[in-house]
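Have a look at these structures, which come just after this line.
Shared between the two complexes below is subunit A, which pairs with subunit B and subunit C, respectively.
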Partner chain A sequence: MGGVSTVNPVAVTAVTDPRAHWLAAATETAAGLPPELALPELRAAARTRFERLGLPSRTLEAWRTTDIAPLRGLEPRRAGTGRAPDAGWLAGLPAGPRVVLVDGRVHAIETGELPAGVSVLGFAEAARRLPQVLAALDTLPGLDAHAFAALNSALFEDGVLVHVAAGARLDALTLAHWSSGDGTAVHPRLLLVLEDGAGAGLLEWQGGQGTYLSTALTEVRLGRGAQLALSTVQDESAEAFQLGGLRAQLAADAKFSLRRWVGGGRIGRMDLALTLEGEGAAAELDGLVLAGGTQLLDHHLELRHAVARCTSRQTFRGVLAGKAKHVFDGLIRVDPDAQQTDAQQQCRNLLLSKQALTVAIPRLEILADDVKCAHGATVGALDEDALFYLRARGIGLAEASTLLVRAFAGEFLDALTDEAMRAALETRLDAWMEVAA
Partner chain B sequence: MLEIRNLHAALEGREILKGIDLSIRAGEVHAIMGPNGSGKSTLANVLAGRPGYEASAGEVLFDGQDLLALAAEERAREGLFLAFQYPVEIPGVNNLYFLKASINAIRKHRGQEELDALEFLERVQEKAGLVKMDEAFLKRPVNEGFSGGEKKRNEILQMAVLEPKFAVLDETDSGLDIDALKVVADGVNALRSPERGFLVITHYQRLLDYIVPDVVHVLVDGRIVRSGGPELAHELEAQGYTLYGREAGASRRAQA
Partner chain C sequence: MSANLEELADRGYAYGFTTDVEQETVPPGLSEDVIRLISAKKQEPEWLLEWRLEAYRSWLKMPVPEWAHVHYPPIDYQAISYYSAPKKSIGDGPASLDDIDPEIKKTYDRLGIPLVEQEFLAGVAVDAVFDSVSVATSYRGKLAEQGIIFCSFSEAVREHPELVRQYLGTVVPVRDNYYAALNSAVFSDGSFVYIPKGVRCPMELSTYFRINAKNTGQFERTLIVADAGAYVSYLEGCTAPMRDENQLHAAVVELVAMDDATIKYSTVQNWYPGDKEGRGGIYNFVTKRGLCRGARSKISWTQVETGSAITWKYPSCILRGDDSVGEFYSVALTRDRMQADTGTKMIHMGKRTRSTIVSKGISAGHAQNAYRGLVKILPTADGARNHSQCDSLLMGDQCGAHTFPYVEVQNPTAQVEHEATTSRVSDDQIFYLNQRGIGTEDAVSLIVNGFCKEVFKELPMEFAVEAQKLLELKLEGSVG
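The block that comes next holds the complex of A and B.
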C-alpha cells in the first residue's frame, strides 16, 4: 500500500492552480477579438471574479449536490474557428428564421426580413449599431458567485443580441448552438432585451458532439409589460459538460415564460437567477428533465420577488432511469416590500430505476407577511396498478411504461404552443424511453 | 376452453386459493358467487397475470395452452379479458388512444394489420353506442373522474371493442343502476357465441336474470364448495352462505 501512495498523482496535479489553466485561453482569445468586443473592464472584472471563485467544489453549499469531478480531467482548449455544425443536426432543427452559433461564435444569421423594431445581431455588429443595448452585458443581478458565468464573461468571443423595440413583436426565432467537441471549452452568450410592451417567442436548441464544456450564458431584460416566451432544448452530446446560466430581470407587468427540455450532457447544470423587479411581473418556469445512464442533471434556481404583487410558478419534472441523478434546488426570496407575492414551486420525479437518485431542495426566504408561497416535491415509481391495467389490455410492458411516462411529461408537452416542436419532442421522448428504460 | 386444475395461490404468505378446479367450455357462461374475501378477485387476478398473484400450485390451460406461463399482456393478446372490479384511473392517457394501442397490440399478435384511424373510430363509436356511452368519455383520460358506473361501462366498452375469446367479469354489476346493469348484460349477451366463454363474478342473483349462466359455482374460503344450475343463485340469494360453514365471526354479507 505504502508503495502505491508514494506515486500519488493527485499530489502532482495539486501543485498547478487549475484556475490558471481555465483562463489560459484568455490571452489567445483576446488576441482574436474584434476591438468592439475587447470590453477591457468587463473582462478584467470577470477574470478577477473567476480567480477569486475558482472551480467550484462540493465543499461549497451551492455545489454540494453537483459533483463536477469528471470535469477536472478536462484540459480545456479554445475551439478552433471555422468548424461547421453537423448537417443532420442542422436539418433536424425547426424551420423558420434562425441563428446558428458554432462553438460560441455566430456561424449564420438566417432571419430573413425581420419585423420593424426587431434586431438580431452578432455582438460585434451590435456593438456598432446598438452599443447602449449591448452595454447591459454583465449588469443584470444574479449569478455573482457562479464561477462558470465569470468564466463565460472572461472568455466569450461572440454572441447574439435579440433586441425588440417598444411595442414590437418577434413571433419566432430559433437560436441554435452547436459545439464541435474535441475537449474544448466554449462560451456561448445570448442577450435578449425586450423594451416596454415588446413581445417575443424564442427557441434555443443546444447540441454538439464529443467532449466539451459549455458555459452558455443567457441574459434577459424585460421592460414594462414585455412578454418573452423562451423554450430551450438542451440536447448536448453524451460526453458534454453543460454548466450554463441565465439571468433575467423583469420590469412591471412583464411576463417571462421559460420552458426547458433537458436531456443531454454527462453533467448538465443550469443556474437561473430571476429578479421580479416591477409590480405585477410574472415568471413561469417549466422544466422536463430526462436523465439516464450515469447522467447528472441539475437546476439551481434563485427567484427573487423584489416588489409587491408579482407571481411566479415553477414546475420541474424529472424522469430518471439507470443510475442517473436529478437535482433541483430552488430558492424563492421574498423581499420585505414584496407583499401579495404569489409564488409556487413544484418538483415531481418519476423513477424508472431503483438506482436513480433525485434530490429536491426547496428553499423559501420570506421577509414579507402577506404572501402566498407553496412548494412541494414528489418522487414515485410508475404506478403498478396502471401498468397492470394497460398490460391486461395487451399493451406490452415497454409500451405501457412509455405511455405512463408520456402522461407524466404530458403537461409539459401540452403547454408547448408550437405543434412541430411538440411533435419533435414527443418523438424524442419515445426514443429516449427505448434506450433508457 | 378454460381448464383450471387444483389451483393454489398465496398472498403475503397466506393461502387464499386452496385448490380450485373449474372447467369452462367454449360457448358457456359460468358464474361465481361467494362471500367477501373468499378469493374471487384473487382468482380473476391470477388468471389475468397480475404481478404478485402467482399460482403456488396447479395449472390453467387456455385452449390447451399453459396460461400461467404467459405474461399478462400475452394472455390478453391470446384473447383473455378481465373486467376489473376496480378499474384504474390513468391520468394523462387518453381513453381513445389507450383503446387503439390495445386493439393494435392484439391485432399485431394475431398477424393482422393495424386498424387505420377511420376503421378504428367507426368500430369504437359503434360499440360506444352499444354500451350507451357518451363519446365525450372517449376523449377523457382513462377512467379519470369517471363515476363508478361509468368506469364499469368503460370496461364493457373495452370488452366489446376487443372481442376477447374468454372474459372474466369481476363484479361488473356492483354499484350499477338498473339501466346500467342492462347495458352490461346486453354487452355480454351480444358477445355470447359458441366460440366464447365467460366467467361472471357477482354478488347478485339479479345480474344472472339478464345473463343466464350455464353453471353457478359457490366459492368459499378459497374453494369451490358447490356447483349447480341457475337456480343455485336464487337459493344463495335467499339463504346466504351460512350453509357453507362460514363462521359467524367471519361472516360479512355482500355489500353493494
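The block that comes next holds the complex of A and C.
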C-alpha cells in the first residue's frame, strides 16, 4: 500500500427499516378509528417520536440489558376484533366490579353501580362525557425516549379511563387485559385520574395466549392528597412480549402505591416514570418477579423528586430459576430544589440456579445537598443453614426450598390487603416453585 | 466567607506554566500516514505498525461513547497533533542525566520530582514522561540486578520485543472501546515494567506525567507484568500547565499478575481542571485494567482524582485466577465546573475470587461527580465475594453526586453487597469543631480527610501526604 491510505469500502445493503412496518400499521389503524379517537395532534407527535427513536437496540444504554432480538423478526399484525377472552381465565379473576379488555379494546364493563363521582369509561365514551379529563393523555412527564410508549400512543384503538372526582372513593375495581395472541400487536391504554382528595384501589390483571406483543401503557395523575393503590399481576403467556410502561405524576401530599407481581412473558419489560411534583408526595413501589426457563424480565424505573419533602420507597424482589434473567434498573433523581428528600431503593434477588442471571443497577442522581437517599442490592442463594435446619426436621428439599422462597416473597404478599388475591398469588407461587425447582 | 478564603478561592492553578523547549511535532491530523510516521519515527517493528493500523481501522468504525454522565463539545480529532517529542532525545537516548535539556530539568524541579540526588534518598526510580518520549530513567542498574525491567515503552519494544508482543493488548484489546482504540493506534510512549518470578521490587516505581506542548494529545501506554510470586508497587502522578484549549488525554494501562503475584497501582491526578467557568482543562479519558491471570494473584488500584475538566476512568480487575483479589480505592474531588464519571469494574471468573470497592466522591461548586461501577459474577465464580461502598459528599447546593452501580450475578453462591450514602458536611459537625477552637476551614478539611481516610491509608506514605495536601488545597475557598 506504500504511503497511500486506503478507505475500506463499506457495504451498503438495502435493509428494510423495521420502523416502516409500524408506521404502516399506524396509518392502517388511523383509517379505522372513530372520529373521537382520531386525536390527530397526539398521533402525529407519537409517530414523529417513534420515527426518531426507532426500535431500541442494545447499543442504547437504557436497552443494554434487554435484548429484544427475538421480537425483531416478528412483524406483529393488528389484532382482529370480536375475539373473546378465555373462559377459564375469566373465571379465575377476583370477584367484584371489573372491566375486561381484549386485545387492547374494551370488551365488557361490568362495574355495577359505581359510587358518586366515579366514572369508568371506554375512551370513546370518555371523549364524549369527560373530554377535559381525557385530554391528559400523553401530557404526563416521562418515557419520552421509550419507543414502545410512542408506539402505543400512535396505535392504541381504545382504552379505559378511571376518573375519581374530588373527595370521592372507589374501593375496588379489576382491570383485566386479555390478549388473544396469534402473532398480533396489542396496545392497551389506561388513564387513571384522581382529583384532589380522591381515593382508589385498583387491580390490573394481564393475561393471554400464544405469541403477541403488548405495549400496555398506563398513565396516572393524582391530585392533591389523592391516594391510589394499584396492584398489577403480569401473567402474560409464555410466548408473549410485554414491553409496557407506566407514568405517574403526583401533586402535593398525594400517595401512590404500586405492587407488581410479574411472572409471565418471554420478554417482560416494564418502564416506569414517576414524578413527585408536589411537596409531601409519597410513592411506594413493590415488585416480586418470578422468572424461570429462558425468561427475561426487566424493570426500568425513573423516579424524580422534583420538589422538597417527598418520600419514596422501592423494594423489588426477584426469584430466578433455570436460565432466566432479571434486570432491575432504577434511577432516583433528586432535583436541585428537592431538599429533605427521603428516598430508598432496595433490590433483592434469590438465585435458584447457576444459569440464572440477575442484574441490579440502582442509580442515584442527586442535585440537592440535604437529602436522605439510600440504595441497596443483594444477591444470594437459599441459605444453606436454613435448608439444613428444615431437612433435619424431616422436610424434603423441594418443600424446604418452597418454604424459604415463600418467606422471601412473604413481605410482598403480606402487604396485600385483599385476602382473596393473596391466597390466589400464594397458590401461584407454590405452583411456580414446583415447576421451577 | 473571610477575605482570606476568597483570596484562596481565586487562587490560580499553582502548576500552570509551560516549558519552552524545541518540540518536534507532527502537524495536526490523523490518518494511516500519520500512524506510519509515528511508527517509523520510533523505529518500530512491522508487527507493531500492523497492530496500530488495525486499531485505527477499528476506531474509524466505532461510535463515540455517550453513556457517561459528562457533557462536552465534540472533539475534533483532526485538530490534534499526534506526536511530539523533545528534539534532543530523538534517535539515541540520553547517555546520562547531564544530556537532558536543562529546561526540562527545570520543569521537573519546579514540579518537585526528585530526579537527581534526592531520588536516591527518596528511593524512587522515576521514568519521567515529558509529552511523548521518555527522557530519563533512573535506577535502572539497581533494578536490573534483580532482573527487573523498568523502561520506556519504546525502549521495551526495541529491547524486549518478545515480552511486549506477548502481553500487549491482552488485557485491553484494541477494539475495547473508542479511546482505547485511539490510543492503540497512536500511542507515543509510556512505561514498561516486568518483574521476574519471585522478585519483590525493592522500591516504589513511579512515573510523572506532564502534558506540555500545545494541542498535543497525550496517549500513554503502560504495561506492567508481574510474574509468579512477584510484587510491585507503581505510582503515577500528574500535573499539567495552564492552557485555554482543551487537551485530550487517552491513556491505556494494562496490568498482568501471574500466580501469587501482587500489583499495587496508585495514582494522584491533578491535571488542569479549567478555569472557574469551565473553560479549558484536560479531558481525561483513560482505560485502565488489570488481569489477575494466576491463582492467588492480587491487583489493587488506588486513585486520588483531583484535577481534569472531565474524568472518564474505570480502573478494573478481571479476576480470572482462583482465589484472586481485586481492590479499588478512590477519592474523586470535583469543584467549579469539573465533571467526573469514574468507578471500576470487577469481573469475577475464578473460584473464591474477592473484590473490594471503596469510592469517595466529593462535589463542590457546580461540579458533577458520578460513580459508575460494575460487579459481574460469572457462573464459574463459585464462592465469589464483593463488597462495594460508595459515599458521596456534597458541598453546596449547585453540585451533583451520582451513583450508578451495575451488579450482574450469575452464580448463586456469590455474595455481593453494595452500599451507598450521600451526605453533606453538616452544620452540626462544623459547629462541634468550631466550639473546640477549630476554624471553619480547618474543620471542613478535617471532616473531608476523615471521609477519605479509608482510601488514603491505601496510598504509599509519601503519596498519602501529597494527596492530603492536594485535597486541602483544592477545597480551600470552596466552603462557605
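The working rule: the second predicted complex is superposed on the first by the 423 of 437 C-alpha atoms of A that agree within 3 Å, B and C clash if a C-alpha of one lies under 4 Å from a C-alpha of the other, contacts with A are read in each partner's own complex, and residues count from 1 in each chain.
The working rule: a residue touches a chain if its C-beta (ideal position, glycine included) is under 8 Å from a C-beta of that chain, and two chains touch if they have at least 3 such contacts.
Here the structure is a predicted model, which is why all the values come from computation and not from measurement.
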{"item": "When subunit B and subunit C are modelled together on subunit A, clash or fit", "value": "fit"}
{"item": "First (subunit B), second (subunit C), both or neither touched by A:Phe148", "value": "neither"}
{"item": "Contacts of A:Phe256 with subunit B and subunit C, given as first, second, both or neither", "value": "neither"}
{"item": "Touched partner set for A:Glu365, first subunit B, second subunit C, both or neither", "value": "second"}
{"item": "First (subunit B), second (subunit C), both or neither touched by A:Arg406", "value": "first"}
{"item": "Partner chain(s) touched by A:Ser353 [first = subunit B, second = subunit C, both, neither]", "value": "second"}
{"item": "C-alpha centroid angle, subunit C to subunit B via subunit A, nearest 10°", "value": "80"}
{"item": "Contacts of A:Gly376 with subunit B and subunit C, given as first, second, both or neither", "value": "second"}
{"item": "Partner touching more residues of subunit A, whether subunit B or subunit C", "value": "C"}
{"item": "After superposition on chain A, the shortest CA separation from subunit B to subunit C (Å)", "value": "15"}
{"item": "Residue numbers on subunit A that touch subunit C, as the complex places them", "value": "3, 5-6, 8, 59, 61, 336, 339, 349, 351-371, 373-382"}
{"item": "Partner subunit B, residues of subunit A touching it in the complex", "value": "383-386, 388-397, 399-400, 403-404, 406-408, 410-411"}
{"item": "In the complex with subunit A, residue positions of subunit B that touch it", "value": "48-51, 71-73, 75-77, 82, 84, 87-93, 98, 101-103, 105-106, 109, 141-142, 158, 162"}
{"item": "Contact footprint of subunit A on subunit C as seen in their complex", "value": "31-33, 36, 57, 63, 67, 69, 377, 379, 392, 394-422, 424"}
